[in-house]
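After this come two complexes, each holding chain A, first together with chain B and then together with chain C.
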Partner chain A sequence: MDIHPVTIFFAAIFTNNMILANFLGMCSFIAVSSDIRTSLSLGQAVTFVLAFTTIINYLLYHYVLLPLQLEYLRFIVFIIVIAAFVQLVEMVIDRYFQGLYYALGIFLPLITVNCAILGVSLFMVIRSYNLVQSLAFGIGSGLGWLLAIVAMAGIRQKIKNNPFPKGLEGAGITLIITGLMALAFIGFSGIVTLQ
Partner chain B sequence: MEEILTTVFAISGITGLLAFLLSLANKTIADYGEKNLTINEEKDYVVSGGDSLLSALNDENIFIPSACGGKGSCGYCKVKVLSGGGPFLATERGYVSDEEQQSGIRLSCQVRIKKDMHIEIPEELFSVRQYLCTVTVLEDLTDTIKRVGLSLPEGERISYKPGQYIQILTPEYDGNEEVYRAYSITTPPSSDQAIELFIGYVPNGICTTYIHQYLKVTDVLTIVGPFGDFYYRDTMKEMICVAIGTGMAPIMSILRHMNENNIQRKITFFFGARTRQDLFMTKTLQSLEESMYDFTYINCLSRPTKECQWKGETGRVTDLVKDYVADGENKEAYLCGSPAMIDSVLPLLKQKGFSEDAIYFDRFD
Partner chain C sequence: MNHKTKKIFTLGIWEDNAIYRQILGICSALAVTNLMLNAFVMSLGLIFVTAFSELTVSVLRQYTPKHIRMMVQTLIISAYVIMVDLFLKAFFPSISEALGPYVGLIITNCIIMGRCESFAQKNTPVYAFADGIASGMGYGIVLMLIAFVRELLGFGSIFGINILGDSWVSWTLMIMPPGAFFMLAIVVWVSKNLFPDKSDKKGGAKA
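Entry: the complex of A and B
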């Protein structure tokens, strides 16, 4: 597939947004989107982890799994890599980047089980991206995720004091707003589509 | 066969490599080595870096009060960190007020030791110890309150002031996590090898359910203590004690202490209950009335039923204070019980002229 990496990058943000088009990574999206600052931190952490795990998984898939004809093991391998990488990143940040650790620290463990991360690695395989395309897709998906959660946090902060029916408070209204945001993002779909 | 072997080797190889890298990182990056911990600028400890301050202090046998066991959900384990504590964390914000934050107060379960640290803790926490007690008494005082007797291990003694409390470590049971819960000691300090507690049943309470439904005589129970700044003050002022429910516990300790030492002070104890069934320890209190220098016990029922055949005072304990206490001149007050009771008695006492620093209270939240 020879889509230009820049195209993939923008498509991953706008038309193929992990949250708004694929509904992946919803758990932390709903749980942490009540404050703009913290959701920005989480978005950055997700982008960072996505960029690196996509590359590591790409290399593992193409240079270990494919030659050994073990493609069907990709799920377990990808998951282990993501978990181990997050663990390592947490240790490094904790030791050397105090400020960043206190901003991101408590969110890093959440990322281990963020299915947007696994999703990106799997899409990369399904859509047979090359290394550069994968990197663009990884970073783009991360930024798309960040955009969506920060936008959501902004909306939630704005409507914080509005009266809602009891059953809609919290997660309920957030899901509805997510749906509306997804509809709005359909407006971008004319630009470019992946698959 | 070959494919199965390749699969096993590939997965083991990848996992093994990652495990190797992670353990390497753990040995190098996450190893903070040994750090110096200075307490109150006089005692020095060498602790292993990377631990939380709370658990490092625990390892040195210094027990900071903590109800949740270090999960950052109770806010009890506050200590003053003078240096080396790192930035204030989002997880502490709900429990530490802005003024406290200014003066360096931190939640010790959230602060990790990454540098040499200087901290301050109240001197009396050094006498806090952990004891593995044997349950000797389990007696129903009312439908919901049990008297629990604990005897300390052979040769160990607990030194406390009348009115202080200990914490019970409730073990894991029925899917509940370990929790610490505070209970006042009812025995006088002279009883330092066997203590007693009054434990009221709270529906769905983790510890009280354990005590009321699971605990048996001869079981071993872990306690930590003593804690608390609600205790008998050695002055010659007249004393007013006010309690409801298990709030009687610390007052009982104070009364027994005064009785044993033949302390010659005038003291009045106001106790409130709902019905006659909720009154307890009445005989003991009556015999204390006889043996003590000048002690009066006055109780009231807020909801006496016909079966109670109650001829005494009715209403809330607040009403007793209103009726029986003339003024607060040269008097001390000791209050213990639910926050609601304390919040209604406090303004009343101030109105009667009790000075603020002569009112001591223990809220049973």
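Entry: the complex of A and C
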């Protein structure tokens, strides 16, 4: 595959958005999208972790697992890398960047179980991207996730006091709005296509 | 089947259903439900992984140090997911390709982790195994329901067999992502009205 990295970057944000097209990272998307500021912090943390774990996983997969013919172990290796990296980042920013720690700190444990992180690494293997493509895909997916969750938080803040039909409050209405957003994002699908 | 097992099943399948009650594990519920066959295979995989992970976690619960139990659980789950993945690749390569990364993503499915943490840590292996099957079935039933509507309206077929005939105009929207979101929203809405939450505390989204 020789898609230009810039193409992959924009496709990951708009046409192959992690939430709206691939349904990844839905749990925290629904749980944390009630406030713009917190969802912005979470989105930044996800982008940051995605950029690094994608690269680490790429290097491990191509220079350790493939030569040893252990590619079936990739699930375990990827999830360990993600968990370890998140733990490490948490310790580092707690020690050196106190301000950032208060902004991102509480969300970091949530990120380990965010399926978008593992999903990006798995997509990277399935679509056989090279190193630069993987980096572009990782950052693009993170930004796309950030865009979707911040937009959702904005909408949810606006409609907070509106009356909903019984049973539709909370998760139900969030899913319907997500559906409408996904519908809007289909409009981008003419720009670029992946797969 | 004694009383406790029965209770585990009613809780897991209906009253505490992971998808429409706890809003857990919905990534894959949305992604694989465009065809009933995919949803069916995914449900079987999830039932297998949940049941055996809970069994293993429960057997090992006295020997696992508390502070690393999350890591141990993740590794146990990953091991079973690898089994499912290898099995699908060997015997059903076309389904394995259609499911793509979503088989691997069973690892981060919050249902399994949630059940291991909240149930298997505190109960004996037999009950943990039963609970795994029950929550897996609860997940599977909702998945099949969503897939049934999406495939019927989107392709006019069930399990790939044409039902509605050639004159049926397929609703392309149903097999695209928005259709999945709308369907899940409807399921959540209907179920909240059908089974009102007695305690009214568990409702709403959880991470």
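In this text, the second predicted complex is superposed on the first by the 195 of 195 C-alpha atoms of A that agree within 3 Å, B and C clash if a C-alpha of one lies under 4 Å from a C-alpha of the other, contacts with A are read in each partner's own complex, and residues count from 1 in each chain.
In the analysis below, contacts are C-beta pairs under 8 Å (C-beta built on N, C-alpha and C of every residue); 3 or more make two chains touch, one makes a residue touch a chain.
All of these numbers come straight from a predicted model, not from anything done at the bench.
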Query = Overlaying the two complexes on chain A, which is it for chain B and chain C: clash or fit?
reply = fit
Message = Just to be sure I read the superposition right, which of the two partners does A:L73 touch: chain B = first, chain C = second, or both, or neither?
response = both
Ask   = Now for A:I176: first (chain B), second (chain C), both, or neither, which partner does it touch?
value = second
Key: Comparison of chain B and chain C by chain A residues contacted   = C
Request  = After the superposition, just quote the angle formed at chain A by chain B and chain C, using C-alpha centres and rounding to the nearest 10°.
outcome  = 70
Message = Looking at A:M26 after the superposition, I want to know if it touches chain B, chain C, both of them or none. Which is it: first, second, both, neither?
response = second
Request  = Figure out whether A:V81 sits in contact with chain B (first) or chain C (second), or with both, or with neither.
outcome  = first
Query = Which partner does A:M91 contact after superposing on A: first (chain B), second (chain C), both, neither?
reply = first
Request  = Could you grab the smallest C-alpha gap between chain B and chain C in the overlay, to the nearest Å?
outcome  = 7
Request  = Name the residues of chain A shared by its contacts with chain B and its contacts with chain C.
outcome  = 73, 76, 80
Message = If we count contacts the way the header does, which residues on chain A are in touch with chain B in the complex?
response = 38, 60, 64-65, 68-70, 73, 76-77, 80-81, 84, 87-88, 91-92, 94-95, 98-99, 102, 106
Inquiry  = For the complex, give me every residue of chain B touching chain A.
reply    = 3, 6-7, 10-11, 14-15, 18-19, 21-22, 25-26, 29-30, 86-87, 89-91
Parts of chain A lying in touch with chain C, wherever the complex brings them together = 20-28, 30-32, 72-76, 79-80, 83, 110, 113-115, 118-119, 122-123, 126, 165-176, 178-180, 182-183, 186
Query = Given the complex with chain A, which residues does chain C contribute to the contact?
reply = 23-28, 30-31, 71, 74-75, 78-79, 81-82, 85-86, 100-101, 104-105, 107-110, 113, 173, 176-182, 184-185, 188-190, 192-193, 203-207
